[in-house]
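Next come two complexes built around subunit A: one with subunit B, the other with subunit C.
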Partner chain A sequence: MTSRLRRAVDNVDLQRFRFWFQAAAFVLFVYGGYLAVDLGNSLPMFSCGYNQEGRAGVCYLLPLQHQLSRPWPQLFGWAGIGVLTGFATFFLWFIVLNKGWCGFMCPLGTLQDWLTSLRKRLGIRYSLYGEQAFNRLTWVKFVLLALMFLIPLAIGGGLLSHDWGAPFCQICPGRVILPLFTADPLQLTIDYSSIGTLVLTGLGMFIAGLFLVGAFIKKRFFCFFCPMSALHYLISKPALLKLKKDGDKCTKCGNCFNVCDMEIRAIADDLERKDIMTDDCTLCLKCVAACPEPGALKVEFARINIFQATEEGFLKRMNKGAGHDACKR
Partner chain B sequence: MTPANVDTLPFNRGRQAREAEVMLDKLVDEFTDNPAAMAYFYDLFRRVYIQGEALERPAAPQVGMTCIQVPEELIYAVGATPVRLCNGAYHYDQIGADFMPAKSCSLVKATLGRLQDQEMGVPRVGKLDMIVNPSTCDQKKKAGAMMEEMGYAVHHLEFPNVKESEAARIYWQRSVRDFAVQLQKLTGKRLTRKRLNQAMARTRRAQTAFRALHNLRKQAPSVVLGKDVFLVTNAYFFDDLERWTDAVEALVAELKERAAAGFNAAQRKAPRILFTGSPPVFPNLKLPLLIEEAGGVVVADETCSANRMLYDMPVVDEWLVNHMVDSLADHYLKPCTCPIFTRNDDRCRRLLDLVRDFEADGVVYQAYSGCQVYEMEQRSVGKVLNEAGIPMLYVETDYSPDDMGQLSTRIEAFLESIKTRKRQRAASGGQA
Partner chain C sequence: MAKATLSKHLFAALLLGGTAALAWAEAAPGDAAARHAPWGDGPPPWVKDGQVDEAAKAAYFARRAQADQAATPSAGAAAGRPDADASPEAKRAYWQKRAAERAASAPAGDPGQADHAGHAGHTGMAPAPAPAAPAPRWGGGRDALLWLTDSPPRRGGHAGGRPGGGRPGMTGMAGMAGMAEGGPDAMASKRVWLRAGANPLDAHPASGDETALLQGPDGKAAELPVEAHGGPYNVTFPTPEQGYYNVYLIRRILDQDALEVTAAKAEVTRAGMGHGLSREDNARLVPARTDARVPVEIVRERKDKEALFTRVSYGDAISFQVLRNGKPVQNARVTFTSGQGWSHSVQSDEDGRASFTVIRDYYPDEWRLFDKRHRETWLVAASFTTPEAGDYQGGRYARTRYTATLSGAYYPGVTDYESYSDGLLVGLAGLLFTGTGIYAYRRRRVQPYKEVRFDD
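What follows is the complex of A and B.
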């Protein structure tokens, strides 16, 4: 990259860039289906499959749960190949953007950011989990991920009825909310046909409500619990997009932690780890934009530095955020 | 010159003024090639410290601060004007000695000594409507109580002495919010998003100018001497914010030209020194002056009268007043490398980082005798620097000019040893 381009990129108004990027991704994944876009059914974020008409591809968790609930002899036989190819496709999508799928692509993530903007417009202050709650909640997503594997397997083994099928999808707020964007309120119901469906769809409605309220008062409320995020983290080592930290250049000023929607303390306090993406991170890159120390935080793609903290970029963004233009005055 | 009656003496013949004059004359006259833009600062110190001119201040309430930990943006935002009270005069140090035990810090004593004289104490800012005294080191805490006894309205700003934990952060945020409430009571003006935003924009502009100046000191050869930069940052204590920023921007513009022209403000092969420890405050710029008189150049510092006061910048994610206040609180706590905290790894890392970035050849560590926290950190800092192969000179001193001769010998020897090391390294084929 030439130095002029480099500078322009490092000075980027990330907030604005992200807003438009996310909006475009939202339109693509929620309405792309009408234009016959089909990116397959192994997408590493919540492009919800219940949005039958509009979706441009399907969230991997849906086919995964279906596949896992095959009868065991099939699953551990020929159907296993299907599971593996599904996972391989998912993995290939994933490693390109890493958790950047969360910060830039996921419709459910974007929706939460929109609720945040709405709250900001109304001048209402956000709430935080705080350190203690954070430490307790950060495990939930791994538990959900484990259940998401175990319940379908139990179905396949005949231990549970098929009413418990695709259990995570049943409680996922994406299933209830995203089809609404294509005027499909069908998921807005509780299924009384059996205990299993009643519990799951009831829970689903409750969680969808919680999602809307939660995301309004707490930035990225739902992402703390997202099993997709847990799955991402477990396979993130070979990913191409990376968030890097140079502890020697960090002053521990805490700016990055201050702006982090996910309240990730390690981003400021951890000086040892070079690969600083943690399990809760969404790779939104707000921290990089908020860091005033040149090179303390960096984004790399396939080891090439594509965006990094600079003093100039920091000041530009702060002045812009405050509605003042530094160059004039 | 034997004045008959002290009371009738013009101000500029007083002891404080003469002390300031001696120092300022040295800082200005003993160096050729002072930047033209420094004239603003030389003149400012002459008027304020030697002629005893009262500062032009807005009629709004005056809020004195005894430490950089006070969020001054809040003070500006409610329409008051802050002034930093930390004093550097030996004259006031002697007056303040009545309040403190013999072996206590010159800076604390001088600050108390200056406050004794409400009317004519220099710098003259008029009546102080409030003094904000953060609970940092023991001496400052106790000094705060003494200021109360002198009749000042003192706000004891509760400051944690551990900064890593979340509990400390929350405690400090509360303390800052409480301070904001007190300030609003003082001025009767509400702290609004708009006012705070404007106040933060003003300090941000000042900090931006400071950072530009700071970054220019990375240049080799040096474009500016450390004694001038200390004067500049000392002026921030009491000068009008906009005037100060304009003057720094002018200085930066001039130094950029110097850099482009390959100008060298120091001697050829001058050892590059990083200054750390107890803060140099005019007129006590003794140590930086001695270093540069002896042919070194102070290229950077890690002190609360300069770098630590202006370098780190707050960030705001959501421009709502509550969040802005909390962000400010974080900014005043988290990056702070003050030795009153339990651990000092952040300070050590900052020093190493400055050594690297500014290509410093050595570190001069000043501790005011009686300043226990700086004295106590000397060992751990020395060890870290030693491991990194960076020579450090530890100097215990106070505001008295008596030790100048002895100090200058030590400094010359230190600089000489650095030069020898560099020569040897160059001779043995390494990079100089």
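What follows is the complex of A and C.
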């Protein structure tokens, strides 16, 4: 019985499973509010707080920035407890799925996958960064993360006006685009009330336009720059869901790299690391599904193997023509 | 050569002279003190028969230190404020003393009283009768309209501004106004002040000693005794929960053959720092409540989908209901006055309702001065007379004149400073710019077709 279940899981049509899982998560986090679902305000993905009506919870980055912009005596005093409590809640959510929040749950990530599907259907070829550009751009998310901490802290210290409040949210395409799914166009504006708001909302609208084009021609375009992804990576050590690699079983065929939306070369090249998840990884598990070597790549939850590469699963998925990029390219 | 040497000498002399002058100027007070010793001419008091008495010397300097401390005002007092590190009790005592001093030095009656009476006439209020009793020192002349607000009084009159009196770091929060100071506990208390005058622009702080009535978000009623210190009437109350807190002041005055009943009400919001309430909490906390202890009151009807952070903005229509003992009052004269003094009066309908549109009356001289968190106070007053007769404090009255007031805040609307068309334009620009850039990049990288022939 166990072996049959194991076989069924390992042979799963991951693309189809992921599509429906993402669709359900999208409905939950974008429309769940209408069903009175409220999962709090420490969620580790972009369940946008600006989607006032439909959200089923709030992305942690919004309250975090608000909390950090409190006056320093408060922040480093009694209000610090609130910040720690918020972070602890965020951390507890996060360790369950690790970066699987990005690959399976995040509405903005799902939206990018849908745009990719649209591009495929239209027969337009995708873009890649190239190794040099990849190595340069991969730092952007850490810079954005640092700014996301420093700007609110500067506000709390009186160095910057409150008009610069929640700076990342102001430039996040999720703020502009996700509320549109509940027919809320309130974020499609430029705020002229101060220089700070003018700059941030202008940037936000421009980046929203850039996001649509970028996600259309480059898979998971925005995830490469996402500060939430950077924050995830920094605290991912104790997470329960893990992507493991057995370098001894790897033949460096390159399938995993070819299907990787994030162009992570290490997934194919690195034979040493067991814990192969990198800062750019979204734990979409496409690499596991595309791997023909039994046990070379596997997913563990609390050290329990829940999904692994098998020859049978690989052949089944390939023969089915499930639309893996390795076949389509 | 000689000329150069002379110049050097002159320069050196000037430098020395200047330095000496500076040194003298700095040392002069001390020198003067030395020339005129505080104990006068002769030896110091601790020197007796040419011998220094150490005990007497120590006692002398201890007395001097005490005297200097008493004579020198502290930095805070010199600036007209209590010391920054003083305890909350000491600060409170300081302000109460200052208020009492101002009350004692102020001329009797409200300086703006005549204007207020005139304004009341303009807004349709009953004409003010001649005062039969001495008017309070802090505004609140018996003919002045009384209202409660969570906006603290300002020096130089009210001119709108940011909530909470523009405290740095506390702006932008609709629920922050009236927040009492003092660290983390400040989050759990609010304060309201009593004003006199029908125009929020020039209404004055008013005094009083009536017990304030409080109704919390959970509907629980409480009484808030007010300390009669002679200064402006204000009352601080705890706000442990999020929601609306209703504070009332009821004043009854016998005026010839009429009993004047005034019910001033403030609806104070305590909104948390989180991101909204749950739907259940919103449904429980946001709807307006009434208080059975209050004979007459104005209730602001909630906006569609209103939450605790919802603001009233320019262009909004706001509706009120006038209630007497919980029942609607028809044909009450209801007057809405904006923060800059614009007013409009209507009669309440059969349901006691009156509606107004909040006008835009904030026009900064330059756009850079525009503040989207600019807060103005609106005031709504309803008055009507009933033939109720009776006795009050030994006097007979043949009719009763009810006046209810309610104040609130309003802010610029988003359409004052946000543009959808520009937003869409910038978004479209981003889309086109990126799309065109990528298209051009791809076109440039297309390799032209080259036929290669091999000659076999």
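We adopt the following convention: the second predicted complex is superposed on the first by the 320 of 329 C-alpha atoms of A that agree within 3 Å, B and C clash if a C-alpha of one lies under 4 Å from a C-alpha of the other, contacts with A are read in each partner's own complex, and residues count from 1 in each chain.
One rule holds in what follows: a residue touches a chain if its C-beta (ideal position, glycine included) is under 8 Å from a C-beta of that chain, and two chains touch if they have at least 3 such contacts.
Owing to the predicted nature of the structure, the values given are computational and were not obtained by experimental measurement.
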Quick one: subunit B and subunit C on subunit A, clash or fit?
fit
Name the contact category of A:G158: first (subunit B only), second (subunit C only), both, or neither.
second
Does subunit B (first) or subunit C (second) touch A:L315, or do both, or does neither?
first
After the two structures are overlaid on chain A, angle v-u-w for subunit B, subunit A, subunit C in degrees (C-alpha centres, nearest 10)
170
Of the partners subunit B and subunit C, which touch A:G49 in the superposed model: first, second, both, neither?
second
Once the structures are superposed on A, label A:L212 by its partner contacts, choosing first (subunit B), second (subunit C), both or neither.
second
Partner with the higher number of touched subunit A residues, subunit C or subunit B
C
Would you sort A:L35 into first (subunit B), second (subunit C), both or neither based on which partner it touches?
neither
Which holds for A:A146: it touches subunit B only (first), subunit C only (second), both, or neither?
neither
Would you sort A:L84 into first (subunit B), second (subunit C), both or neither based on which partner it touches?
neither
Go through the superposed model and pick first if A:D248 touches only subunit B, second if only subunit C, both, or neither.
first
Mind working out whether A:Y192 is in touch with subunit B, subunit C, both or neither, as first, second, both or neither?
second
Once superposed, subunit B sits from subunit C at a minimum Cα distance (Å) of 7
Touch list for subunit A against partner subunit B, complex
120, 123-126, 130-131, 248-249, 251-255, 258-259, 265, 268-269, 271, 286, 290, 292, 311, 314-315, 318-319, 321-324, 326, 329
Parts of subunit A lying in touch with subunit C, wherever the complex brings them together
36, 38, 41, 49, 52, 58, 62-63, 66-67, 70-71, 74, 77-79, 82, 127, 156, 158, 162, 165, 176, 185-186, 188-194, 197, 201-202, 205-210, 212-214, 217
Subunit C contacts subunit A in the complex at 168-172, 183-184, 273-276, 278-279, 367, 370-372, 412, 414, 417-420, 422-424, 426-435, 438
Touching residues (chain side subunit B, partner subunit A) in the complex:
164, 166, 197, 200-201, 204-205, 208, 211, 215, 312-320, 322-323, 327, 330-331, 334-335, 346, 349-350, 352-353, 356
